[in-house]
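Below are two complexes that have chain A in common, paired first with chain B and then with chain C.
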Partner chain A sequence: MQTLIQLGATALQIGAVYILFSLGLTLIFGVMRIVNFVHGHIFAVAALTVAYFLPSLVEGGLSAPIAYILASLAGIVAALGLGALIYLFGFRYFQRDLVGSFILSIGLVLLLDGVLLHVFGGAVRGVPEIFPGRVSIAGAQITVQRLFLCAVALVMAATLYWTLSHTKLGKALRAVSYDHEAAMMVGVPYSRIAFLGFMIASLLAAVAGVLLAPVTIVSPVIGTDYLIKGFIAVIIGGLGSVPGAILGSLFVASIETFGSYYLDSSYATLAIFGMVIIVLLFWPKGVLGRG
Partner chain B sequence: MDKRINPGLFVLFAGGALLVSLLLQDFYLRSVLNLMAISALLASSLRFVMLMGELNFALAAFTGIGAYCAGYLNTALGVPFGVAVLSAGLVTALASAVFGAITLRAKGPYFLLIGFAFAEAVRVAYSKFDALGGTSGMIGIFPARALDDWMPFIVMSVVVLLLLAFYIAEHSDFGRILFAIRENEDVARSVGINTYLCKVVAISGACFAAGVAGGLHAFVNSVISPGDFSYLLAAFALAYVKVGGEDHFLGPIVGAILLVALSSYALGLGGDEHFLYGGAIIVAVLLMPKGVLGTLGKLRFLGNPFKRGVDANVH
Partner chain C sequence: MMIKTRLKTGTAIVALTGILATAAQAEEIIKLGLSVPLSGAAAVWGKGAEFLCETAAEEIRESGGVSVDGETYNFECLPYDNKYNAAEGTKVAQALLNREGVKFIGGSLGTAPVQALQSLAERQGVLVFTVAWGASLKGMDHPMTFTQMNTPGEILPLLIGYIADKYPEAKSVAMLNPNDATGQETEALGGKVWQENGVKVASSDFYERGTTEFQPIAARLASLNPAIIDLGATPPADAGAIFKELDVIGWSGVKVVEVGTGADGLKATGGGAAEGVYMGAGVTFDGDNVTDHQKAINDRAKAEIGESLNAVQIGFYDSLYALKAAMEMAGSVDPKAVAEVLPEVTFQSFYGQEVGFYGEELYGRNQQMRLPIIVTQVTDGVLVEVARLTP
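For the complex of A and B:
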């Protein structure tokens, strides 16, 4: 029982990151109908910036949490800058063009792989612990650092959900994802909404990056692993569906955690793929997918 | 569909390629030539599935299955080169038929992403089998000693044959069905075409070639490891298709020749392969949406054989 609770808690922690990741992917797909493979690199830029600045800020005499906040802001700004750049000079021309946008994003992935490796070097970086200590919840041990991660992910997901359902921007985003032509006809400025949707998604990835930097080893290729899991989560949940992304993320995280514990981490990866095949057999558009 | 290549031109190109493969003696240049031929085959396989409007990112997995099949047959069972490569193609075709039968119910982004996930899962799977060398891969995959000097010629002949098969298939009734599926699958189905079956057949045919390409890769390099068959393999093949021009049969071949030559040159300068391929793809999609051949066609260097007006974009 103790083990089960501990594993459940771990699954939730991993799931929280996947949720942030897959929400961005699903949002971009819903609004622009494109598959964004660069999402992992936006995440990586944020994580790398934190890992790059944090140690020197701490050495400069700042306390860890303050240094972390400063480095995180820098990371988020860098990631958003990159997101704006690739939207304005790339994806803007490939909206609703699945193959074209995918090819562009593969090109960007290869290019950014090279750039990140040059700028940050190939070495993995450790980040000092920001929030020391651990708490015990129902017998499961969780570090404060990871608890903080879960809380922020939860707040972000809730905020996105609230934004989509209650604000004017959210209504426009939903309208565009249902039928962008009808939305434009009733006066929704599609290109501006698409840009905002892309930036919100980039923000989600950036936040995931700065949250994850202190709890994992950061390297320029860190994004790909999360990208694969994020995509599998949205395939299972259904592309374009926000509840689907959350459901899929928790599902993938659970299989990964329990599979790694009872079998082996590489068998867990295979098990996740097996689950995708089974889901596709019954729901070719994902469990909560539409259109 | 109207863009047929002059048969004389085809014989000239193929004959020229075969002649070069016979005459070339320099060890390094021979390896570049082998790489070009195998890359052109992979890119053409990718493009063949693109004819029906789907991106087959599982290509990396199927190339790997072919390579591991040939490698295992050769090193563990002593199967000779020719039989091993042919078996690699057949096993891969079978595997891709099963994969296609399950996944081709999904379309567009789902099919693409599932292929990507499949490639990564298969890569993990190789490392779990001790018989396949685990994470370090397999070594010592050699053709018979007598064939050694003839390898570039053999590789080139196999590639030319398979490319010819792709060309014939594309310009047959089956090719027309694939175009119809890309333009509007529902309409194609409504006139009585079993589109699902056609898609499965198309992917297994394309992956037969990918399996053979993988088998050739194994024998040419003598060493294979799981890392050779990550999704990057499919990304590079996509770069060849895109840079050459996906609307024309020669596109992937031209793209492979250009980019492999360029990357061999860049590697000699200490450059980074990723930079090059990434940059080439971005430049191609932003500035030359129809690739090098499409741009040349616009300039009418080739008597404008690129007239077909069907838009390449799906969905």
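For the complex of A and C:
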């Protein structure tokens, strides 16, 4: 029982990260009907910026939490800047063009791979734990850092859900997602809404990046693994569906956790891809369909 | 008058041509391809390899270059990112051999990408140096391949024997390796040697390179309650992350990373959990035996790549001096002629001693540099040499 509780807690911790990641992917797909492979790089820029600035801020005499907040703000600004550039000079011209955006996306991935490698170097960077220590919840050992990550992920997911349900912007995003032409006919400024949707998704990736920097391996290629898992999550949950992204993320995290424990990490990875095949066979639009 | 002027002009042209020819002769370049990871968890190995190749090339240039049959040659390092996987390794091999036209591989890293490189290089008669761990890369079938660092065949029997002797009460080990050629070959030998030393292998798992969440893996390893956890060929950054997660769930025991190369990568992701880890491919630069030359280069490396040098990277320095010695002995820069004399040459290694090649008993031919096996341990956050064993 103790093992199950620990594994459940691990699945929730990993799932929290995937949720942040997949929410951005699903939002962009919902609003713009494009698949954004650059999402992982936006996430990587935020994490790398934190890893780059935090040590020097701490050496400069700031306390770790203050340095982390400042470095995180820099990371989020850098990631949003990259997101804005990508949108304004790229995806803006390929909205609702799956093939065009796919080609653009892959090109940008190659370009940014080189740029990040050149700017930050290939070596991994260490970010010290900002909130040291661990807590025991129902016997499961969880670090305070991971707990903080889960709490922020929960707040971000809840805020996004509330925003989509209760605000003018959220309603416009949903309207565009359902039928962008009809939305435009009733006065929804599609271009502005698409830009805001892209920037919200970039913000989610940036927040995931700064939250994960102290608990994972920060390198220019850090986004790839999360991008794949995020995509699998939204494919399982249903592209464009917010609840689907959350459900898919928790599902992927659970298979990864329990599969790695009871089988082998490599088999768990295979099992995740196996699940995608099964889901696509029986629910081609994902378990919850398109939102 | 006109004839005189023409003669002067002609003489000037001949003289200028001579000067240019001499300059061209002084700049004979031998391109050395490097197939190394320059991104990802193993990037620090690749960056250090590039640094040390360029360092050795510069030293050789400053000392007068490679003298072959009256000509002077210098080395140029061409590093390409193989991302530590076979697919990228194949692309790198194509680029180095077919686009760059290299005849010598100054060093290559990662069994899977090196296998891809080797198959193409052998067909084209290119001489390959490698630090890859795979025993499958060696032997009579690979006369153009030479190993520039200790590999599992040399390290594991001595490293595991040392740990088994030091912890006689530790009777079980859980192993984890990356799921590729490097990990599989390391795992096969590692498991055998642990058992030969009376340690039971409780489990032997694999994980995919690029994995970022190690909590489930750590939970499985800890659940077996092994006395020893051996992360085999796991890169330092991944190993640090795994030990950190093991620490969170309360596992404490003997920590081993057979291919462990340094404390910095481990500490970057593992923090305090890196403490006590034993490694088989690390090198320290703090002891009395360290030369000024080693210290100076290591200080430059730390400034450039952010980490101390290690055995993986040092091979990329040694291979250049081995090539220089072999080219001068053969009196040729033809890769086949150089490969024929390489097993006979000795050269001054970065480790400060004159070394040659051995390995006939194990691999069937002398293709392995005879280098010391340095057992290191992270102690108080610093890498400390705890034993120096001779293969």
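Following the convention adopted for this analysis, the second predicted complex is superposed on the first by the 289 of 291 C-alpha atoms of A that agree within 3 Å, B and C clash if a C-alpha of one lies under 4 Å from a C-alpha of the other, contacts with A are read in each partner's own complex, and residues count from 1 in each chain.
Convention: contacts are C-beta pairs under 8 Å (C-beta built on N, C-alpha and C of every residue); 3 or more make two chains touch, one makes a residue touch a chain.
Keep in mind that what you see is a predicted model, and the values were worked out from it rather than measured.
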Quiz item: Just from the overlay, do chain B and chain C fit on chain A, or is there a clash?
Solution: clash
Quiz item: In the superposed arrangement, does A:Val77 touch chain B (first), chain C (second), both or neither?
Solution: neither
Quiz prompt | chain B versus chain C as contact partner of A:Arg125, first or second or both or neither | solution = second
Practice problem: Could you tell me if A:Ala151 is touching chain B, chain C, both of them or neither one (first, second, both, neither)? | Solution: neither
Practice problem: Classify the contacts of A:Leu88 with the two partner chains as first (chain B alone), second (chain C alone), both, or neither. | Solution: neither
Quiz item: After superposition on the shared chain, which partner residues are touched by A:Ile66: those of chain B (first), chain C (second), both, or neither?
Solution: neither
Practice problem: Based on the superposed arrangement, let me know which partner A:Ile106 touches: chain B (first), chain C (second), both, or neither? | Solution: first
Quiz item: Which of the two partners, first being chain B and second being chain C, lies in contact with A:Ile235: first, second, both, or neither?
Solution: first
Quiz item: First (chain B), second (chain C), both or neither: which does A:Thr269 touch?
Solution: both
Self-check item: Partner chain(s) touched by A:Ile277 [first = chain B, second = chain C, both, neither]
Solution: first
Quiz item: Given the superposition on chain A, at which of 21-29, 39-47, 111-119 or 165-173 does chain C overlap chain B?
Solution: 111-119
Self-check item: Common interface residues of chain A - those touching chain B in one complex and chain C in the other
Solution: 113, 117, 266, 269
Quiz item: Which part of chain A faces chain C closely enough to touch in the complex?
Solution: 3, 6-7, 10, 13-14, 17, 113, 117, 121-126, 128-129, 134, 141-143, 216-217, 219-222, 224-226, 256-262, 264-266, 268-269
Exercise. Please give the residue numbers of chain A that touch chain B in the complex, ascending.
Key: 29, 33, 35, 90, 93-94, 96-100, 102-104, 106-115, 117-118, 228, 231-232, 235, 239, 266-267, 269-270, 272-273, 276-277, 280-281, 284-286
Quiz item: Can you name the residues of chain C that touch chain A in the complex?
Solution: 37-41, 43-44, 46-47, 81, 179, 205-208, 210-213, 215-217, 219-220, 223, 237-238, 241, 248-250, 265, 267-269, 271, 305-307
Self-check item: For the chain B and chain A complex, residues of the former touching the latter
Solution: 50, 55, 102-103, 105-110, 112-114, 116-118, 120-121, 124-125, 127-128, 232, 235, 238-239, 242, 272, 274-275, 277-282, 284-286, 289, 312-315
